[in-house]
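Here chain A shows up in two complexes: once beside chain B, once beside chain C.
Let's look at the complex of A and B:
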């Protein structure tokens, strides 16, 4: 197996969806890394394990007078799927791991395809296999 | 000499002095190290011309490069002509590049 350490970055996320700009910024950063040709490891801790939760659902907005389609509510799970698609198109690997205990606490075990459950041992392996690791802490 | 990338995401009124990355940037730069301060999200409020002239000037004197995320600037309606001359607009690709070369990176 070729050594991809120099072309692999690891990101550690902690924030849940919809609560902080850090979540969208993190996904922008991961997307930028993929578009610059990097393999990416993502370890999601705490609320971040809900970012790829498969049961996120868009909703209408009575205040705006919009139905579901018109409101066009963005969902992080779709953004993550788009990043995974982009990585595949480019022949790159994005390995998204949710901390298993954090998943269990929050009951968000149904994650979108191409993400997986793991543990801090995976984070340790990620760090060893990357040229650098960025932790985006929660507040 | 080491290379550092410090990412400041909070606005100046939302930080405690002990967590001030600009102060850390100044300290690291005097050691000396190569330091880049990347402002993002509400951190870019400090990038407006006149908002933090003394602080940014001091960082410039120490050789710290100060950048501001172009997307965050647009989100907050900070037009290029309102940006401090001591700050350069940059894409997130810069953060990726710094990570890729192994810079020690902190996010606040």
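Let's look at the complex of A and C:
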């Protein structure tokens, strides 16, 4: 198996969806890393485990005067799926791990395909197998 | 007894891309439609919400573009159209280099010194 350490980045995400721009910024960085040819590991911790939650649902918005289709409400699970698709097209790996305990306490176990449950031990493996690690903590 | 509240917003650009608007503006608009008597004071970074030329479009993940970006100045204007007076702290705009002609017509300047007098016009103040 080839050593991909020099072309792998690890991101640690902390914030839940729909609460702050930090998670969106993190996903933009991950998207950019993939488009620059990097493999990416993601360790989602605390509220960030809800980012790929499969039951997120778009809604209409009466204040905007939009029905569901017109509103095209952003869903982080779809953004993550788009990043995973992009990586596959480029032959790259995005390994998204949700902290299992964080998932259980929030009841968000139904995550989209191609993401998985893990533990801090996975984060340590990620760090050792990456050229660098970026932590985007909650505030 | 009639009540009139002043909504103060100074935490700007929180979750706007994710919610396609500012959640406080949205809630204010929704409450207004439900009959609430509210005005809005933009202060701190939120004075930027009146800037006409904001453009948050262009978000793309993979090959999936986000088609509906937040349009904050439009939302502020829509609040004014519903009868909500929208104030902004003049000094906060000036120190950020925002000139009056860069703001939508619907927002009204109020000086820092006049804010406390403004408060006296309301039965409640909601600081977000």
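Basically, the second predicted complex is superposed on the first by the 139 of 139 C-alpha atoms of A that agree within 3 Å, B and C clash if a C-alpha of one lies under 4 Å from a C-alpha of the other, contacts with A are read in each partner's own complex, and residues count from 1 in each chain.
In this text, a contact is a pair of C-beta atoms (placed from the backbone, for glycine too) under 8 Å apart; a residue touches a chain by one contact, two chains touch by 3 or more.
Just so it is clear, the model here is predicted, and its values are computed rather than measured.
Colleague: With both structures lined up on chain A, is it a clash or a fit for chain B and chain C?
Modeller: When both complexes are placed onto chain A, chain B and chain C end up side by side without any clash.
Colleague: Please work out whether A:132 is in contact with chain B alone, chain C alone, both, or neither, and reply first, second, both or neither.
Modeller: Once the two structures are laid over each other on A, A:132 reaches chain B alone.
Colleague: Quick one: classify A:38 as touching chain B (first), chain C (second), both or neither.
Modeller: So A:38 only meets chain B here.
Colleague: Rounding in steps of 10 degrees, give the angle chain B-chain A-chain C taken between C-alpha centres.
Modeller: One gets 60 degrees for this angle.
Colleague: Who does A:29 touch here: chain B (first), chain C (second), both, or neither?
Modeller: A:29 sits against chain B, while chain C stays out of touch.
Colleague: In the overlaid three-chain picture, which partner chain does A:9 touch, first (chain B) or second (chain C), both, or neither?
Modeller: In the superposed model, A:9 contacts chain B only, not chain C.
Colleague: With the two structures laid over each other on chain A, which partner does A:82 touch: chain B (first), chain C (second), both, or neither?
Modeller: second
Colleague: Please name the chain, chain B or chain C, that touches the greater number of residues in chain A.
Modeller: C
Colleague: Looking at A:17, would you say it contacts chain B, chain C, both, or neither? Reply first, second, both or neither.
Modeller: Only chain C is touched by A:17; chain B is not.
Colleague: Rounded to the nearest angstrom, what is the minimum C-alpha distance from chain B to chain C in the superposition?
Modeller: It is 5 Å, taken between the nearest C-alpha atoms.
Colleague: Report, in rising order, the residues of chain A that make contact with chain B in one complex and with chain C in the other.
Modeller: The overlap between the chain B and chain C interfaces on chain A comprises residues 21, 28.
Colleague: Show me the residue ranges of chain B that touch chain A in the complex, using the header's touch definition.
Modeller: Going through chain B, the ones touching chain A are 9, 40-42, 71, 91-93, 95-97, 99-100, 102-103, 105, 107-108.
Colleague: Where on chain A is chain B touching in the complex?
Modeller: Contact set of chain A toward chain B: 7, 9, 21-22, 25, 28-29, 32-33, 35-36, 38, 131-132, 134-137.
Colleague: Where on chain C is chain A touching in the complex?
Modeller: Touching chain A: residues 13-21, 26, 29-30, 33, 59-64, 66-68, 75, 78 of chain C.
Colleague: Which part of chain A faces chain C closely enough to touch in the complex?
Modeller: 17-21, 23-24, 27-28, 31, 61, 63-64, 66, 70-74, 76, 78-80, 82-86
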